[in-house]
Every structure is written in structure tokens, then in C-alpha cells.
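Consider the two complexes below, in which chain A is the common component and chain B and chain C are the respective partners.
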Partner chain A sequence: MATQLTARKHGSAPPRRRRSVLARHDAMAGLLFVLPCLVLFLVFRFGPAVAGGVLGFFDYTIGGTAEWKGLDNFRRLWEDPVFWSALRVTLVYSLIAVPVTVAAALGMALLTRRAFRGVRFFRSVFFLPVITSLVLAGAIFRWLFSAEGPWTTMLGWIGLGGTPWLESSTMVIPALALVGVWSRFGYGMLILLAALQNVPRELEEAATVDGAGAWQRFRHVVLPQLRPALFFLAVIETTMSFQAFDAIYTMTGGGPAHASFTLVFDLYEQGFKYFDLGYAGAIGVALFIMTLVVALIQRLLLGRDK
Partner chain B sequence: MTVTTASRPTTVGQGVDSSADADRRRARRGKRLRTTGRGVLLTLGSLVAVFPFYAMVVLSLKPAQAISFPGSLTPWDLDGGAYSDILGAQDILRWTLNTAVYSVVSVVLVLLLASMAGYAFAKKRFPGKEPLFWSFIAMVMVPYHVTLVPTFILIAEAGGVDTYWGLIVPTLANAQAVFLMRQFIQALPDELFEAARLDGCSEWRVYVSIVLPLTKPILATLGIFVFLWHWNDFLWPLVIAQGTDMRTLTTGIASLNQQQVPLNQLLAGSVVALVPIFFAYLVGQRYVQEGVVMSGIKG
Partner chain C sequence: MWHRKVIAVGALAVAGTLLAGCGGSGGAGGKSTVTMWTYPVIIDEKQHRAFWDAAEKEFEKENPKVDVKVEILPWANRDEKLTTAMAGGKGPDVGYLIPDQLPKYAPNIEPYDEHISPEAKQAYRPAALKAATVDDQLMGAPLLMSSNPLICNKKVFDAVGEKDFPATWDDLLKLAPKFKAKGFDIITYNGDATATLNMTYYPLLWQAGGDVFSKDGKSVAFNSPQGVKALKFLRTLADDGYTEKSALTKANLNIEQTRIGRNKVGCTWQHVPIEVEKFWGKENIHVVGPLKDDQQVAYGTVGSLSMFKKAGDKDAAAKWINFVTAKKTMDDYDKKSGFFSPLDGNELYAGDPVNGQMEKSLNKVNVGPLYEKARDVMGVLSPEIQAALTGKKSPAKALEDAEKAAKGITG
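== the complex of A and B ==
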């Protein structure tokens, strides 16, 4: 330590100055490379994120008039039955879509885990719905669930016919959740496949030698190793499900009678149909809090593991 | 007595042999069963994944009134009338152009900006680097919908409604892209950059002739992702590009949906809008799948 210091003090004065010039040059270049991104982030991420938190306290109309409203928008939100119904619809949707998506993803990941002929074909096919916009697929799903479509017809064959699901206020959310599962399980499959690569093969072989069956191996060897990935997936899917919009917009428009009217739909209508931007901002804050709570729960559960 | 003792080992030996045989046979049968079971489940799964696409294509090729199941799903009596109707009567070509501009311009600019920032965050030393980087990343946590209304107000006040720049510019601040670029560039050896600088390369030259070529794989992955994301984007174009001429394919098809256009024409429009996405996926499949895993691991 000391020798280093003295060596620097005496021997290397000119190089040191050159180095500091170089360092300054380096810092300048670094800042210049970051600058375009920084400006964009300040204007379109940090700014709107802060404004999003603040907007709820104002009444805002395009043209630049903002009127301080205090907690009015939040009080209105609290007393608005449409908001509570949207919150309930969103949560029910998540409660169906997330577990089924994660289960389907896990099943398909386990099935395509080991290499065999055609495994890449299956993985690619399962990922196809993920890259497909639900706005574009919405029309075909509306037909699939319509009175003439296969879903209603086949349910009729086994005696479960009746109101087409998209027109039934109880079955519309399960129908939309199934569409959500269709469009998301391929993503989860890839995440879990990556995690499965990290399960040491020797562990499973040792369990086999000890006489563990397939289920026991899965339950006691594979599953514990998969826990972090499963948590990660559950959080991502929950966040995604809170934001479900595309399929709902094209398939039901929030109906019948608000039965599939989610929070994002509420935000969209308040903001861009009635131009009640302050109120839409308050709904945005509610969404943010929900996302935050889910992230915190994940932290707590994972933290407890370690 | 002696006979029994003498014969004993052989019986036991035989017993072991035959039971091992049976075990092996059972194991083989079990394996075959498992393979068959797996095949059946995977086939079922892919049928579920593919069926909507099949229905979409077949129904788009049927006359408008043939919509009842199962007759409508037969792969015969097809004609492309719906395609010429939808391409002739609607603005689909215009929307395709808009979507292409939105996607391609965004891909180029996001790759440029994110690789520049990623390079600086990975290899440069400047004041405030770490806090700046982590506050970029923290922005991933803020949901899209919280910033939606303020961003709309910002663009609307600046006169960006129904313009390409208003559509594109706010989507360029892509935190995940910066993160992935920084991770990738950090793994490259420092000596490469130092050698170039000692040779007298300018900073910009280092970026163009070293950073860009070396990051090709990650640029391809990111590029496909950004392309897919923009091509499919819906809510932002829906609020900011409202005029018929400025719609993208997603918002355009959604507007047809609300105008009660016949199903076969609507589906023909959807198929047209999906073809480029499928093509991009076919070309870049490997990158897409790797990219999912990469961005997933960070979490």
C-alpha cells in the first residue's frame, strides 16, 4: 500500500497526468454515448413515471390547464362501483390465467426437456402463439367461442351447451383467461426449460438408483430446483395478466354488461374516451400499487427460502 | 438335505435372472409407454397451439355465410375473394406501410441508442454511472399503463398526435435493451478496446468498428424482439395514431372489427398482418428463443 503510494508520488508524475487526461476524455466519451438515451429516458420514462404519480391529484385537460384537486380523484375512485368491479374482474382473470399458464408451461417444459426427434419443432410450435398479437387473433377466438363455433358446439355435444361463453357474464372471464393461457404458455415453457438445464442430472440419477419413481423424482428433486424460476414466471404472468387488454378489446369490448371490464380497460375509457386524464392517472396508480405488491410478495417468499 | 442345499443357489440364481429379465422388460415397456404418452400429449398441445391459426386461414378462404362448425373448417371449397375484397376496399396497405415504418425505424434507433449506452455503461468510467444505470433498470418496474396517460399528454401538447415521430419517439427509451447490451459488452475483453484506442482510433471509430461488429448476435436477438413488439403493439398506436391514415395493422384491424366487417374479410386482414411476423420468427427463431431465456435469467 505505502510503496504503491510513494511510487505514484515520485516516479510517475507525467504518466499520471496523461492518465487523468485520458480518464477525463474517457468520461466525456462515456457521457456522450449515454446522452441520447439519457434524454429519452428523462423525457419519456422518469418524467411520465413521476407525472403518473402526481396526475391523480389534478384535473387535466389537453391545452395545458391543470387544476389541483387534492385527493378528489382517489376518493372518487374509492366510491366508484365501476372501479371495484374492474378490480374484481382483473383479479378473477389473474387467478384463472396465471396458475393454468404456469401449469401448462411446466407440463410442456417437462415433456420437451430431453432431446428427441422433433423436439425443436414442438418448442417452436408452442412459441408461435406468444409472438401472435391477440388483437389479430381476437377475431378467430371470437368465432371459436361464438354460437356457431366449435367450443359452444362441442360443449353442446356433451350436454353443456347453452349461452356462448363470451355472452355469459359468468363464463366470459374463463374464456378470456383460456385465450390468455394460449398466448402465454410458450413463453413460460422456454423460461422453465432454461431452468431445467440447471438441474444436475446426477441428482436425478442418484434418486433413480435409490428407487424413486418418476413422480417422486419430480416432486423431491426437480421441483425444489425449479422454485425460483417458477416464482419468476408467476410474477411476470401476474403482472401481464393485470395488464390484459388486447384480447378483451377485440373479443368483448368489456362486456357483456361490464363482466370483462378490466382495470386497463377502465383506464383506457376514462382517459381516452371521456378524456378524464386525472382520473385515468389515479387508476394507473392503483395498477402500479398492485404490481408493486406482487413484486414484494415474491421478494418475501424468495427471501424466506434463502 | 444335500440336494436341496446344492440346488438352492441355482434356484436363487435363476430367480434373480428371470426377475432381472422381467424388470428389464417392464422398464422397456414403461419407457415405450412413456414415449407414447409424451407423443400423445405433445401432439395434443401442438393441436391446441395451431388450431386457431388453421381456423383463421380456412375461414378467411370461405364465403362469408359459411361460418358454422364443423362444416366451415373443411379444407376445400376455398376461394380468395375475401382477400381481394379487403385489400381493395380498406386501407390495409396503408396500415401495413405505417406498421413497417413504426417497426423498422424503431428497431434501427433502439439498436443504435441501446448499443451506445450499453457500451458506455459497460466499458467507460464516468461520474454517476452506477446510479444512472440502475435507475434506468428500475424503470422496467413501472408498468406501461402508469406512464401511458402522461406520455400521451406530453406528445399531444407537442403536436405529435397522428404523426410518425409522435408514435415512434416515446418507445425508444427501452430499458431492457440497454440492460442486455451492457451485459453482453461487459463480457468482451477490455484489451480489444484499449488496443484500438492506442492505435489512435477515435471513440466513434471504436464504437463503429469494434463494438457494433462484436455485438452482432445480441443485436440480432434484440432487433427481432423490438420488431415483434412494435409490430404487435396496440395500446400506444390506439391512443396516439387515431386518424384512419395513421393506423397500424393492429389498430386498423381492430377498427374493422368494430365496423362489423364480414368475418372472412376480417380474418383475411388478420392473416395479411400476421405473415410478416411469422416470417420474422422463422428467420430468427434461434435468436428469439435465446432472447427469451436471456432476458428471463436477469429476473
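== the complex of A and C ==
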């Protein structure tokens, strides 16, 4: 007790204050480091996003005059068959692209999980599409899917030739979704690889000792451990697929007959082709709400533990 | 205290960095500045730059208190660049615009009637002035004209053994089977949904005697017997294999990737000689003139220099536009770019077998609808035309559905 009192008298309070001051200094320094990024994010991402949403309530001309329209743009959206068609196309695209991307990412992560000769090379190659321009890749894929391209030719060998996929109203979305998967699975693979490194090896070894096969180990030991990463990936991929645009613009221009005309394509045309910026803002708000709702549903299904 | 100072310095640095990109260009030393945005009208970049450098120099010599800056931007995404710049209160004082753009930018364009002399205005072809007029106001000074009449590939006609070139729809349909039998297409139709209908379906609609909008511009008029006739004509070409099927819906087609570029197509109204010359050879280009059904008409455009309302020194901007569109400078520009003069009776290519013939079709061009909602209507009509051409809908049903969708736009 005496020792404690002595300690308090001779210095226990001042060190705490010093630590607190140091902690504040550290926090300030940290804040300073993130400040440029934060300012840039606020100015170039958050600000324009909010402004875009606000635009949805105005009739905004390129000259800068804005007239309050209340919910008019949203009412128009509700009655616009092009919007509903674009929404349907977007959902179909996402329903194909998201699960296939996550599955491909998971498969590639499992394949490249263990160290073997050349694993780094394979990981790099699988990641390469992520950093490849989709406009450039789109031009190449357009040729691959064309009447003279290898994809149509190969399908012809097994009796599935005919209309090239990009010219078919039915097959154009699966074709574009495949391009989306190609461009995105490498990112997912990286996330899942990191998550796989955190799965304790002992758990798998214990399961092996208990007689579990490879599939059982994966299904009951590895997969549950990946749930947070899979949730993150599902949300990111859904958001990305809702925003699909570059490859579609390059490969189909929204055609044939609006069969690949997505919500972002609609937003782009309303904003930059027809200069109806208020209506484009309303489409942006609808897209945001849709993304939010789907992310919440995904959280309920996949992310309830964390 | 140290961290406050560091934060303050950091914040200033960040703010400074951000503001550095937001600087405006002002005149220096009492000079006013005129900025102009144009596009690769002269395809050779060096030649184009040299033209404007020389023009700027000559103009500034005559007007020492004006500093002109001409920027040549790519054609791609030009509307995005212009609209975002204007929305941000930036953008040029003068811009190169075509009729398709004028109605949308009209609220931002300074009406040009009071900046042009009556003599200069009178010297223009009536078609050129009409193309640059929105709501009875001149939106700029025409700088050049173009025309898209029917042109044919003599090499292909020789290969087929045909000497007569088609002048009407009936001629095309009569020749088509012969071309098909020899492995050629009589015509090309690139129905890219992102392309303007002015180059694809509208010329046929006009030739059939129809129009896109009603006379007052308040409603659409394409769902008419003439509209259906034009679409049925196209559908026949597609169904009977007289035109390349994949081009009906493909986006962003490069000419190299088409049968036109491979000398497999007899005629086209979607390309001009300068585009096909390197594939066909200039000696093989035969300019027929605008195709005819009920009417003889072709799409053409008029490139104008418009002054934007935000121009700081309107007098200087007008002086510059009038300098560029004076006959001497304009003729030089039109010849170098391979386009035609918007001045009445001013033939730049007399004696030239290709451009001379092209020039003769200028008075039969239609520049497309000049209404605010013209582009929006294209947005709903274009996919319906693709649906008709790919057999998903009948021509009548496609136009009926497009009309319904267009009503939501025109009100």
C-alpha cells in the first residue's frame, strides 16, 4: 500500500498524462497522414456522389441553372420502360457475373494457396486482368465473340454455332458477364488468398486425423473461416457488377436492341448524350438504393457472424 | 503546439495542391484571351495544328490585344468534356459544333445574328444557314459542309460485271441478287445503336417522303407509311442477305473490320470518299449522288463555330470567328480538311471527279432534326430498328413501340 502511495505521489499520475499527450500527438500525426487522402476522397468522391444524388431532385441544365422538381424525375423513372428494361438487364448480368466471379476467385485461391514451383507466376498471371484496361480488353473480346472469332468457331465444332453471342439478344449478357468475370476474379482471388492464410493449419490437420476427406475439410473447416472474406467479396462484386459499363460500351453499345443496356449505360446516355442531368441523377439514386438493399440482404445471409 | 503548426502547414499544402488544378486563364497585360475547342477535322494532326498556329498568328497580328488559344481535342467523348467543363463554369469561348449538337447547347450559345454582317450572312448557302439556326436564331457561323450521297466501288461493279450504278431503291433491289450470287453485298448498313440515325435510318425515311418529327417539332412522325416502307426496305436487304448481317447490330465498327474495307460491298451512303479511298483506291470511287425513292435526299452536316455565352470578350470572340469564316481562311481550311464550302456557289473542287460530284449534292442534304429532343428520340428509336432488323419485331410494330416510348420524351 505504502509502495503504491509512494508511486502515486512520485510519478504515477504524470506518466499517464504524458502517455495521453503522446497518444493525442500520435492521433494528430495519424490524422495528418490521412488528411490528404480524406480531403481528396471528400472532394472527388463523396462530394460528387452527394451532388449527383441531389441533382435527381432538380432539372439541371448544362449552363448551370437548376430548377427544383421534387420527385418528378423519380415519377418519370417509375413510368419509364427503358429504366425497367435496364434494371432487368443489370440484375441478370449481376446474377451471372457475381456468383461466377466469386466461385472462380475461390477456385483459383485454393489452387494457388500452397507453395509450389511457379506459384507466384500463376498468381501474377491471374491478377493481370484486374489491371488491364477493360476498353482494350473489350476490343479483343469483341473479336473473340465475333462470327469469325475462336469462340463462335469452337461452339460450331460442337454443334452450338450460329448467331455470334454479341449479336444474340439471349446470349449477349452471358458473354459480357464472362468478360466481367475474367476482369474481376483476380482481385477476389487475392482477398481469398489472404483469408486462407489465416485458416489455422491445425484445424485441417485435426479434421484429416478424424477421417475427413478433402471436400469435407473444405466444406466444414475452410469455408466457414472464409465467410467474412466471402461477404466482403460478394458486396464488392455486386457493386461492381451493378456499375458494369466499360466493356459493354466497347463491345455492344447496349445492343442488340437494348439487350445489354444496363442502368449505368442509361445513366450515361441521359447525362452525356441527352444532357438530362437531373434524370441521370435520379437513376444514380435508384442505383445507390438498389446496391444498398442488396448489400444489406447479403449481410443478412453471409455476414451475420461478423 | 508543434502538431498544430504541422497540421496547418499540411492543410495549406493540401489546399494549395487542390487549388493548383483549378486556376483560370485570364488575359495578361490588358490582352483578352479567346479560347476555342475544335476536333480533328483535318485528319493529319500536324497539318491541323499548323493551320491553326498560322491562323492564330495572322489574327493576332491584326488584333494585337487578343490572344487566341485553339485546342484540338479528340472526337471521342467530346460532349462529356464540353458539358462537364461548362457545368464547372469553364469551357471554351468558341467551339466547333454540328447541327446535331446545337439544340442541346442552344441555351449556352450566344445568338450570332448580331455578330455577323448582313453581307457575310447572305453569302452562305441557304441550307448551311438553316442547319445552324435554332428557334429562328443563328447559333454560329458555318465553317464547312459535308454530304453523304451514295458512292459505289467500281472495282466491285467490274467483278460483278455490272456497268450501271443504282440511283433508286428499286435499282438497288434489282442489282442485289446478282451481287449476292457473286459473293458481294449491294449495300452496307451499319446499325450500331451508339451511332446517329442521321447516318443510318433517317436518310431512307426522308427518301421515302417521311420525317422524324412533325412540322412543329412537338411530336414524332416516323411511325408513318413512309417510315414503315423505309424499315421494310432495310428488312428486305437484311432478310435476303443483300447486306452484311453482323453490321446491323455491332457497335463501334472500324471500317477495316467490315466488308466495305475488304472490297466486298458495291455501294454505301454511310461512308465518304476520304474514308474508303485507301481501301478502294480513289480511281474506283464513283459518286452516284443522293439515293432516291419518293425524294432524292442525303444526310449531310454543317460544321459551325459557335460562341458560348460565357465568353469573356464577346467582341474579340466574334472577330476571331469572323476571321476564320472569311472566304480566304475558310477555303483553305475546307480544302485541307477535304470538306466543302458553305458559301453559295463556291465550288472548291471543280474538275475533281470525286469531290466535284460530292459538291454537287450539297443542296440536297438534310442535316437531321434540329429539335431539343432529337437525340433522346434516337435513343428509343434505335433499339426498335435493331429489333426489326434482327426479326424480333415487324417494322410496323417496332415503329409503333418507338412512337410510344418517344411520347414519354416529347410529352
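Miscellaneous remarks
In this section, the second predicted complex is superposed on the first by the 250 of 306 C-alpha atoms of A that agree within 3 Å, B and C clash if a C-alpha of one lies under 4 Å from a C-alpha of the other, contacts with A are read in each partner's own complex, and residues count from 1 in each chain.
Please note the rule applied: a residue touches a chain if its C-beta (ideal position, glycine included) is under 8 Å from a C-beta of that chain, and two chains touch if they have at least 3 such contacts.
No experiment lies behind these values; they were computed from the predicted model shown.
Once the two complexes are laid over each other on the shared chain, residue contacts for A:Phe275 go to chain C alone; chain B is not touched. Look at A:Gly70: by the touch rule set out above, it reaches neither chain B nor chain C. Contact comparison for chain A: of chain B and chain C, B touches the greater number of residues. When the two complexes are overlaid on their common chain A, residue A:Gly159 makes contact with neither chain B nor chain C. Contacts of A:Phe288 after superposition on the shared chain: chain B is touched, whereas chain C is not. By the touch criterion defined above, A:Gly107 lies against chain B but remains apart from chain C after alignment on the C-alpha atoms of chain A. Contacts of A:Pro36 after superposition: both chain B and chain C are touched.
By the touch criterion stated above, A:Gly211 is placed in contact with neither chain B nor chain C.
When both complexes are aligned on chain A by C-alpha atoms, chain A residues 28-29, 31-32, 36, 40, 43, 62, 64, 146, 249-250, 253, 272, 277 touch chain B in the first and chain C in the second. Residues of chain A that touch chain B in their complex: 23, 26-34, 36-38, 40-41, 43-49, 51-53, 55, 60, 62, 64, 104, 107-108, 111-112, 116, 122-129, 131-133, 135-141, 143-144, 146, 148-150, 153, 182, 186-187, 190-191, 193-194, 214, 232, 235-236, 239, 242-243, 245-246, 249-250, 253, 264, 267-268, 271-272, 277, 280-281, 284-285, 287-288, 291-292, 295.
Note for the complex: chain C touches chain A at residues 3, 6-7, 10-11, 14, 17-18, 77, 79-80, 83, 86-87, 89, 104-105, 107-108, 192-194, 245-246, 248-252, 309, 375-376, 379-380, 383-384, 386-387, 390, 392, 405, 408.
In the complex of the two chains, the chain B residues touching chain A come out as 34-35, 38, 41-42, 45-46, 48-50, 52-53, 55-56, 59, 67-70, 72-73, 113-114, 116-117, 119-121, 124-127, 129, 132, 135-136, 139, 141-154, 156-157, 169-170, 172-173, 175, 178, 203, 207, 228, 231-232, 234-235, 238-239, 249-251, 253-254, 257-258, 263, 266-267, 270, 273-274, 277-278, 281, 285, 288-289, 292-293, 296-297, 299.
Within the complex formed with chain C, the residues of chain A that make contact are 25, 28-29, 31-32, 35-36, 39-40, 43, 61-64, 76, 79-82, 142, 146-147, 164, 166-167, 169, 249-258, 261, 269, 272-277.
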